[in-house]
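Dropping the structures in below, format is structure tokens.
Consider the two complexes below, in which chain A is the common component and chain B and chain C are the respective partners.
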Partner chain A sequence: MVYGKIVSFARNGFHDGSQFHLAYKRFRSHRLGVIGLVIVIGYLFFAIAGPIIVPRDPTAMDSASRLAGPSMAHPFGTDHYGRDVFTRTVVGARASLQVAVLSVGFATIAGVTFGLVSGFFRGYVDEAIMRAVDVMLAFPSILLALVVIAILGPGLNRTILALGIAYTPLMLRITRGSALSVREEEYVTAAVAYGERSWNVMFKEMFPNLFPTVIVQATITFAFAILVEAALSYLGLSAQPPTVTWGIMISEGQEVLTVNPWMSIFPGLAIIVTVLGLTFLGIGLRDSLDAQEDGTIGGGFQ
Partner chain B sequence: MSILSYAAKRLFVSIWVLFGASILIFGIVHLVPGDPARVTLGRFADREAVEGVRQEMGLNDPLYVQYSDWLVGTLTGDWGNSLISNQPVLTLIVERFPKSIELALFALAIAVVISLPLGIMGALNRSTKTDQATLFFSQIGIAIPNFWLGIMLALIFGRYLGVLPASGSVAFTEDPVQNIRHLILPGVSLGILAAAVLTRYMRSEMIDQLNKDYVTTARAFGHPKKRIVWKYTLKNALIPYVTMLGMQFGFLIGGVVVIETVFAYGGVGQLILNGLLNRDYPIVQMSLLILAGTFILVNLVVDIVYGYLNPRISY
Partner chain C sequence: MSSSDEPLLEVENLRTEFRTDRGTVKAADGVSFSIERGETYGVVGESGAGKTVTGLSVIGLIDNPGQIVGGEIRYKGRDLRTLSQEELRSIRGDEIAMIFQDPMTALNPAYTVGTQIIDTILTHNDCSKSEARERTIKLLEDVGIPDPEERVDSYPHQFSGGMRQRALIAMALSCDPDLIIADEPTTALDVTIQAQILDLLDDLQEKHGLSIQLITHDMGLVAEMCDRVSVMYAGKKIEEGPVGEIFSSPKHPYTVGLMNAVPRLNDPRERLEAIPGNMPDLIDNPSGCSFRPRCEYATEECKQIEPPLEPAGAGGAHTSACLKLDEIDFDTSIVPDRTTDETPVEGTNFGEPIIEADGLQKYFDPENQSWFEKYLGDRDYVHAVEDVSLTVHRGETLGIVGESGCGKSTLGRVLLRLYEPDEGTIVYSGDDITEMGRSELRNLRSEVQMVFQDPFSSLNPQKTVLDIIGRPLEVHDQVANSEEKRERVVELLEDVGMSERHLNRYPHEFSGGQKQRIGIARALAVEPDFIVADEPVSALDVSVQAKIINMLDDLQEKYDLTYLFIAHDLNVVQHISDHIGVMYLGEIVEFGTVQQVFEPPYHPYTEILLSSIPKHHPDVDEERIDPDGELPSAIHPPSGCRFHTRCPQAMPECETKNPEQRTIDGNHEISCHLFDSDGNPTDEYETTIDVSAKSQMVDPGEPQ
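The block that comes next holds the complex of A and B.
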């Protein structure tokens, strides 16, 4: 059903004047959005192909040049074991992508499903779901993630689950909000009156209209997941060495900060550029899809 | 509905949420895979020691008894002892909690000092270079990892320039000047995200107000623009801003965990982290509960204040 929509989009959606075409045209002339898209593509490229294309082994130690600053041989310098910081920064993109994709994917699927159920059935179902959401929102998302880590213990996979759970109420709330207004539309009333099954009405009739809101919110959440994963791995609660993450690199660099600050500087810059790219993309998508967002990125930035 | 019944309704919701949060936090120990007593003591502990800890943690009682015991203990100040240092959890938290609140408030103050003028400036000079610069600042502020910013600030101001202390904390009653000096770097690192979000928010609320009909009318009646801006639009824009301020304060309370670690600040945040790494459950539970409780309380106050400031909202 949703798959069918996407296929028909790909086949027919590109006609001049179609919704998709209009959005595409708007996005193309949205300078910030395009910059964001380019950065995000670069990030995805490094995260997926990085470990294959980097010239060095991220764990190879060169004891002759330890804690060196940037040079031709080591553009980002070397760390306390003589490992190449550039290689490690590129490789570190993968862990952040892994956490962000899986946790936001989890939060989106769970949040959209429950949000649709809540907005479609309304009444008691909605009450029950929203009271549970209230409790989850009683914690700032980083604290909710810490509750989950307290239960499961530290680790990369546990961080994924922790963030997935922590972001679910946010996705749920924004989906429910839009679902409630879409629920009042005539085509939904018609589908219900026609006797279409609830599940079909939710995913076939309502979901395509929520899609812009969901995709924009997911993009922004993706950016936050990268930031929080970095913070958790900096604290030693996410992946453990020898896994390379930006947070671990910054934390290791902090120990030798006065000798070689570059060890912390570059992974930090990598985070900033990636998150900027994602928020720019989110703003571009929001403006060209005419979607709502929960206000985290606020007013228009053109 | 009057403001009083609205407040009562919000209070009721907050109590429910606090109750739910307490169950979730109580559940931490019980959802840990395996025997929490064994997890606490490590694989090589002998059977007697494990049984001792089980007794101490009350793990042999039925769940509802454990929960009600725990709840009564929590409400009467019997918060148990740290499993590692054996110090009373209450003492540990009472010592550190005010420091964390102080840090979060200081960060909030920094966020206000930055965001209020920037947001107003951006809105009044909409679509100019000033506006772009404002928005660019807020975009960077959102993208920068606060712990990284903290490390960089500590390096620059602590190490290279040597003008501000880069770790630790001093009580205000002991030495007010040193207290503030120790707060500046962690406060800025923690507050920058809130500053960025609030700048955007202030700007868009202000633009909203400037586009309202009453501004056009006032202009048509010949009121000077300055007076309209400072007397009317600013006041109206400040209502949602204050609400957002409260929400941001809640998020700052979550952020202390990370920033306190960067600056070895010694608040509740560091307590949580050490508790997590050592599997010291009583400390983790009570620290999380106190932070979540603060967050809930702040949100309650914000909602009631908002209802009071803006009588038009339907309760």
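The block that comes next holds the complex of A and C.
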């Protein structure tokens, strides 16, 4: 319901002369940001359409050509079962997207909601929420994820839940920080003074002004989610074969690293390029949306 | 090198431009002036007139995208524009020093005040560190900082605003400069502190034989401080002359407009004379005279010819850039003061009480208190509002004045229950609003409204004007559909002097004055009866300020509004108010009609506030009473009478006993031990100032 209003905000936000229109103009001339955007669009394309467009079945084995290097038939080579590494790399994008979108989405919704509540009501409410956040932040996010997985067992959905929980305090803290400063703006007091309900003050008045900070932080967190998902599936704690993920591919390639390094290099490159693309996009968004550069961006592995 | 009779600084035809995406901004467009040794030279004008740019150009502090594109800046005969960066740096600080507007950001918080001054001295002088330190202590003593030997090691955050400005002045003085450029040095300070800083500058000027270039928007400061003044408008100097002449017989329509726009104590309390329109965008300045679009005397000729500066008046020292110099009768265009036999209407016949507050109290937690201390340790409070009772009658305007930090804004918000009062009751039209539940409170929000101080922070930057003004209507179901909302918003815009074409714009597309109008339209949307206006004009230029005050007056009449008008500017408050409450550290120390408050007997604090207002004509001779020090902390307010620490007339009993409220006559109330229980001043009471003498303008017809 509330997020439906965000949609209408996004529509209105692109009026001529609005802050977002100006930001769009700034973004267009931000080279790094545009490169990042192109990479991210490419990544999204492969992640969504990949399984449909790839010429081969990612699990199809070909015992005739095992552990082959790059060639015309297999641009990225083949693995120890003779599966096409290119196909598997393209298909592997989907698992990382799934984990990143859902976990960051969860963290953003929960973090923004609690962060706004904390920054708007302040006082005891803020105190209670922030003490809970302190406890969660006391553990590194990957450790937190490992704890959740240790309890629930490995699996893609559990990774999503674990990362969602692990990233919530980060989103919450950054939202609350900006919310506290926006809370001091007189238009917020004005909205209270003309009788706006608290919920509307938070989401209609305050949220649009936090949006830049939130979107930048979400983009950067997205990159970390992809990295952590790769790490967890490398350790065998996330999705299980036959699901294809970049982390699984690297871990499989590790066993034959000396024979055919390409098996690990290409999924590794895919991770690097995607994470860099997201980071560039985040920097571009930050610069053009003029979000605070208070050093709170990044830091997924504290 | 330089002969002593040539001016210290000569600026000729200075042109400074800023390249922006939209075009070239001509911030200083052919400005010429000179400053003599030992002279205080004022540069006055509204924001955007190019005053600050002129000052920064002199010491070569114009940064990209700005650039000095033409002209000469001669200091002691040397053209500063031809000097290398290295040579320029040796002149900055050593010969020409600058004092900035905001003392809060001009000092580096990471270093002690002393270190920063010592470093300045070491940069320009060949001396040892201990010598520099000694000199610093001496300087701090000179600028009136108590215990300089200890304070030299304090960090900026341990200094109050006034002390920081003193420290900055000490820094400016540290290398014995010959010229100080002071850019709005007191704008960020309270009037009582402003008075102290001005006195200090005056003394130091005499002692060190300094020249001062004083950049300000406040004609009062010019009258108080300057020998000569130039008036700037849209990047150009439009009038210059000795201060006395400029004030007695201004010769430019804009200067006249500026002087008339300022509310004065004892002004006729009718409408303020506002200058129509706004300053032009410095990108496409109109051809001919840049003031032409706003000038009532403008003709076709003004469109064609850019007026040159020509001598106006005898002596040749007074020049003005107006083609109609000989045609306009400037003497009659100045609004005269109210003559003393004209008494204003007594503000007694107002309606029934609309707000009755009794024993209001509001405490806050101090900012630097950790939650551990808050819940487990000794709790401290900021005593923002302490036992305030007041009544506002329907249709009147109650003014609340006081220094920043006295709790006046908090009081305004508590009255609307935007802050929960800790004690006391607020009765609005017979209902106690402190008892109200959520839905009742929401209904109340359509009857009481608020106008805010900062037009830049009071409008949501992400919303259009239509949504900003229309939202309260939706919240209170006063419009059925978007068509109705639109119509109503257009009506409201017209009420505040704006129009339909502004509907779909965003706040950043408007000027400060227009934003304030939008804020007022939003407050009016729900058709309230009572409006709290929290410093609604203090962030605006004088000509805009006059328009907004007039508009508030008109709206009050049209909609039968009741205002609580909060301000620190006594001139503005007296202009708009019927009753005035003077606040000090959370308490109302004096209350009465405008006349009662502004005429003796006063509360000693009111007297100090009145005497701190800069005079509005240089020929007025008056004494100023300075309070001792600055506003004490509201966390541990002084015992007894809270004002006793700064009161020039404090007696022993003031330190221990809280004064009761005495009724002087009618409804004039003062809380002070200098008045006995019948409200008569005791023998100890003495008053030194007389407001009427202060504001009496010299007859413009008479030469001095």
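Please note the rule applied: the second predicted complex is superposed on the first by the 276 of 302 C-alpha atoms of A that agree within 3 Å, B and C clash if a C-alpha of one lies under 4 Å from a C-alpha of the other, contacts with A are read in each partner's own complex, and residues count from 1 in each chain.
One rule holds in what follows: a contact is a pair of C-beta atoms (placed from the backbone, for glycine too) under 8 Å apart; a residue touches a chain by one contact, two chains touch by 3 or more.
Remember, it's a predicted structure, so these values are computed and weren't measured experimentally.
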Quiz item: Where does A:157 make contact in the superposed view: on chain B (first), on chain C (second), on both, or on neither?
Solution: neither
Quiz item: First (chain B), second (chain C), both or neither: which does A:65 touch?
Solution: neither
Quiz item: Now for A:240: first (chain B), second (chain C), both, or neither, which partner does it touch?
Solution: neither
Exercise. Tell me which of chain B and chain C touches more residues of chain A.
Key: B
Quiz item: Where does A:149 make contact in the superposed view: on chain B (first), on chain C (second), on both, or on neither?
Solution: first
Exercise. Examine A:181 and indicate which partner it touches, taking first as chain B and second as chain C; both and neither are also allowed.
Key: neither
Quiz item: In the complex of these two chains, what residues of chain A are touching chain B?
Solution: 131-132, 134-135, 138-143, 146-147, 149-154, 223, 227, 230-231, 234-237, 250, 253-254, 257-258, 261, 264-265, 268, 271-272, 275-276, 279-280, 295-302
Quiz item: Touching chain A in the complex: which residues of chain B?
Solution: 13, 16-18, 20-21, 24-25, 27-28, 31-33, 127, 135, 138-140, 142-148, 151-152, 154-155, 159, 197, 200-201, 203-204, 207, 250-251, 253-255, 257-258, 261-262, 272-273, 276-277, 279, 281, 284, 288, 291-292, 295-296
Practice problem: Provide the residue numbers of chain C that touch chain A in the complex, in ascending order. | Solution: 371, 413, 416, 418, 441-446, 448-450, 452-454, 457-464, 467-468, 471-472, 475-476, 504-506, 508-509, 519, 522, 525-526
Quiz prompt | List of chain A residues in touch with chain C within their complex | solution = 9, 12-13, 15, 17-19, 127, 185-187, 189-197, 204-205, 208-209
